[in-house]
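You will see two complexes here that share chain A, one where it goes with chain B and one where it goes with chain C.
What follows is the complex of A and B.
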């Protein structure tokens, strides 16, 4: 049935190939549920990772999980291929407890820069040769590493409010020029939340950009590690990407946990999930469009209000379905909480009405936004992100697809009901702000197509086969030391979750791979040498959500 | 009324056209502005009230909100400002980007350690009199993140809050209700409760020289403003 969903995949790298490639650098095997795992020495990291990338085509460093065991620290590099994300390999790097030093992968993958800073910040592993070994989420003056085993949460902490010194002045590179240091945020309307961008300007040109995140670091990983699999974790994903992308995030957890506990989800529930998730994607992209126009046009009026008008409609539908406007908490492991609301016909008709009106609305947006000459002047050829750079920074979602990287987990690593439906992955080769916006708008249309097909299926589904939940035990205790890393296509890109079980009903380690975090790390590359209004436009076109950046 | 219908003054008489004005003024006292306020005054244009009362009434009816997005609740806050809910109908819908132009701050989200000092600074920059609406569970107690190592257990640890709107997140209707309640309080001249605020911005040099301060002495300047979180004493 699917038409545009077949893609040519590269030749599979088998485990034998990997073993041959790594040779005796692989000390042992440590397989995860999703991928073969190889244990290597801490000083072989760059070597192994660059071999995997150049020889075997693993060009996507999807995630880095750091964790502490009783007897060791461990960094796990989850590698994938952009051309085929079902081919995965995990590189496990153990270090001793007394001296947790591991070689940095930042020279090989630029995305490792922020990964390793986070791992240092939260777990406390030092990465040798890291270009910028600072804390990233917690304040510079923080004491201890909160996700390490011996952290005492009761200890007092100091946080400074000091003016940030001009980072260019001390090393006197620019003694002659008159650059200016500018703090944008953390409280600024253009930062979409509480982001702080340290900017160095030469006149109106951006010389250096350093995004300073962590103003919304709400300890999501700790919260999830304290919750039980069955019910206590599911409310938290709603709050990572809180721009109505709740169901997409819940699916990330559901997918990882269902793989971990080996739960089969009924087909009917998968269709409801797919429909709900795509409704969320529409709501999320509408907000992205509205706020982007707010950034570029600088007013709180027409386009912004139009986008919110349409979001209200989607939120109404989602409220009918889930009972909540924003924090849905609708998925359960093994299915969804309840069936479509009664009367069913009314809900289906309401959703269809929305879908029927959508093309006219999209035309309206095209009239007002994308075909507007002023808008085009602002967006075309600004914030350019080349595909190779995007891959290097681990960009995913509309940001990568706007740079021509044909990568969508819904198609490439199928889950839910996507592989049975007829829809297309949108890519655009423009690499600029304009193509990212265009990508999102066209994705809205694709989502509408998916919802339409789901509604058809739901409408005709025989009444006695509407199974919304699999039979899942009340308490889930996956086998100890089972590890899984699973990703779904969130509204912003690849949202991955790593879970290690420790034999109890709570995860031993819960790591979130946030798409926004990595998309944001590319901001400096996109904006250097551009004008400051283009910096604001680029930031808007990345469509970050600070709840997901900081977690 | 378009240009193919010339105005009366052009084709009719050249005398000054006063009839519309006359009809608007009508008989008796001038009520061109037709406001409810004017009606309330009756036939006399004078009112007698306490100045304070008048000021409170004015303040309650013209609130300038600070455009301040923190976390999830800010999405619902934007929806409250945007069409359908339109907070502007209640005389409270002009979001100001600068704290120096605002007199009401809605705190829409979780306050974490790194943001605490910044929020305090933004609050301090607002001119008096200023009011705060705490939106959502996080500003009450830390909400679902209360046990987090980095989360301030409620915005009231740092700034005084006049109205708490519970919910995670509160619906726009709930926020509108909260704002309406705040207007009511302001009109009645009720002041915000005085609360114990354990977390203040202090100069680093003024802190008690305990273990933590000594450890950080080499990193932080004496004059730098710092906020000290005593997590063990937090609720």
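What follows is the complex of A and C.
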């Protein structure tokens, strides 16, 4: 419908091409709902993945799911193309229960580094040749792997500071080097939650950065595995990226589960979802702008307060729509919980008022922030993330688009009502902190365009055709061993969900692909050789929410 | 357009200072040197308390209200009219907090640092003519004295940063030194250009030299050095912001980067002292600016109103720092040093030479 949404896609890699490329290395097929799947040997991983990237253009290792079956462990590498994320392939790597060792993919895709650490941490698969085989979410001294089948969930574990590696204990006076080790966080004014960044400094210059995550780990995946598809899982996504992006997260689960259970969502509900999601995106980007300015300006300044004031208006609208300020729990499988609030006209008018005032506010931000010379001096050419590096780390969302990677799931793998509306994907070639901020601010304007069109549609929708919910059975029991990996464009990037059904009304495996997790892993690359203030600014420009990083 | 500048005699030895006044009024003069000393102490006590009341009591409350106004908030409004009694509550709260001293702190440097920071600024007020006869001392080297005692604060910052045994404090202390060294020179050099105009370092002389007026046809404006040499005024303002460590030059504290810099490990009364020192320095900076650029206590109305005008000028400078704090991003430490050495230093020397040439030609 819209011209701005067309993109040239690369030639499709068919299943035949893939079979030809993999040849004997493909032991069997293990197709998923979203993609063809190939089973390979554990020592072929690097070979196969680099071939897929270099020969077939699968340059996006979107996710790695690890799980344990009764008879084996399994690692699934979900591969996509940045140029066309509808082209997917799953590489399934089974290993035996006795000796769960698989070749590491980290030398091929750097994003595999953190993924395989997480897989080792939670499931217990060893990755041979991994550059840094440590736990990542749980403390170093944790016993067992919580998502493995023989793990005793009832047994309490005390991980005391003395047993756990005490971050302030080691004496870092090293006669050989001139560097200084500095713990930034977990309690620090600029870590956006509980993030611990182990930093090595040479004077004020950053030599090495090692983000230590997991302080907010709640094993959301496990909690989702213990809830029923129909009702019990939906409240959890609100608690991943908990600041404003609730509906975007809910949509991630809704999309995966609806594909799994083959549920059609009524058009009217899709429009409401699209509108709600974009409202969340505006709120989230406002927060990102405010906190980034907090990091660069150095205090709770006017910009931060203005951003929060404007976000508050969105928050009010969302509260009217969903009944909640942050933990919305508004989406349902097959639709939404309820229609627009009555009186309908009032809600629409209120939302329109907000949209009408938005351009003036964006101008204000441009006057105060982006055209401020000191701000530009601080942000331009700092925290540089080259597009190839961004792809290597699996960066998505405004972080990737600020590096010129033209990738937006809303357009490239359409869902909801996006393909019917007129809007643009924002990219910027600056690759620095400044372009990431610009991207978010311009995305706010695009989101406003989407909401405007949704409101027009909702306003004119015939009263007797307002179907907000498809007919969904009370209990969902998808066929056993159906697997699906689906992603939506969350506020921070590609938020993906992998679900494997085991024939019951609860998922057999529930895996969350967090965009913040990937974006954060690129922090070291971005900040090496820069100054501490740039490290802080870069961290702010990544716009991470630790609830989503740690899950 | 600039008309003739009417000059008053350069040196003035007839200024009546506060200790003499007190001596006269209380009759302490009759008791010889001991009485004079007592009068001096009394005068110092009065001025010290006036400044402490302004910076320690009114300052933080005003800062909250001002910042709130800039950021669309209301701030304190529960205790007393406009929340003014929060000052009492805050004092009790701050003074009753536990004083936590890090195990590896280097004492007594750790304990002395807050006192050095606070007292160095307080000493500076001794030579500031505040109008209405409130002027403690008027040495011939007045301006040099103010810069000298204000500079002592740097030592306090290093002591605090080093003695705290904390890496953030250390970084903050190092930043503070680098910053103060870089900006002290432009500050003093720009101050010297004023001395060339006034022909004296003595504060009262500098103030009197600004009492002249320009005739601009219908209106006549005061010959304040801010108007005579606005370039020097701007340079001095910028260097002063760096000197007192306020946005855009608040790198030594830089809350989002190095937590709180040199004051990270200070709590309770020590924290209050450091905070007080910072406010005193902002107000001392304001007092110097008011004295050497804004005509000191000069203003319309009778001379007895001098102190009122003087305070208004100090608070105007304070307001400006708060405005910048709310609206301007912080520069990075390397950029800050660059601005200081490559920009301000060169400009301030250019200003000094130009001023000298122009003054020489006119005279």
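Rule of thumb we're sticking to: the second predicted complex is superposed on the first by the 532 of 551 C-alpha atoms of A that agree within 3 Å, B and C clash if a C-alpha of one lies under 4 Å from a C-alpha of the other, contacts with A are read in each partner's own complex, and residues count from 1 in each chain.
To be clear about the criterion, a residue touches a chain if its C-beta (ideal position, glycine included) is under 8 Å from a C-beta of that chain, and two chains touch if they have at least 3 such contacts.
Fair warning: this is a prediction, and the values are worked out from it, not measured in the lab.
A.B. asks: In the superposed arrangement, does A:296 touch chain B (first), chain C (second), both or neither?
C.D. replies: second
A.B. asks: Which chain, chain B or chain C, is in touch with more residues of chain A?
C.D. replies: B
A.B. asks: Is A:309 contacted by the first partner chain B, the second partner chain C, both or neither?
C.D. replies: A:309 contacts both chain B and chain C.
A.B. asks: Scan A:326 for contacts with chain B and chain C and give back first, second, both or neither.
C.D. replies: In the superposed model, A:326 contacts chain B only, not chain C.
A.B. asks: A:189 in the overlay: touching chain B, chain C, both, or neither? Say first, second, both or neither.
C.D. replies: Both partners.
A.B. asks: Once chain A of both complexes is superposed, is A:141 in touch with chain B (first), chain C (second), both, or neither?
C.D. replies: Touch status of A:141: first partner only.
A.B. asks: Quick check on the superposed pair: does A:11 touch chain B, chain C, both, or neither? Answer first, second, both or neither.
C.D. replies: Touch partners of A:11: none, neither chain B nor chain C.
A.B. asks: Looking at the overlay, what does A:360 touch: chain B (first), chain C (second), both, or neither?
C.D. replies: Neither partner.
A.B. asks: Counting contacts the way the document defines them, which residues of chain A are shared by the two interfaces, the one with chain B and the one with chain C?
C.D. replies: The answer is residues 188-189, 300, 304-305, 309 of chain A.
A.B. asks: Using the touch rule from the top, collect the residues of chain C that touch chain A in their complex.
C.D. replies: 70-73, 167-168, 171, 247-248, 250-251, 254-259, 325-335
A.B. asks: Within their complex, state which residues of chain A touch chain C.
C.D. replies: 180, 182, 188-190, 204, 293-302, 304-306, 309, 368, 372, 374-375, 377-378, 531-534, 536
A.B. asks: Of all residues in chain B, which touch chain A in the complex?
C.D. replies: Per the stated touch rule, the residues are 67-72, 74-76, 78-79, 81-84, 95, 97, 99, 109-110, 112-122, 144-145, 147-151, 168-169, 171, 201, 204, 207, 212-213, 215-216, 219-221, 224-232.
A.B. asks: For the complex, give me every residue of chain A touching chain B.
C.D. replies: 138-143, 146, 151, 153-162, 186-189, 192-194, 214-220, 222-223, 226, 235-236, 239, 242-244, 287, 300, 304-305, 308-309, 311-312, 315, 325-327, 546-547, 550
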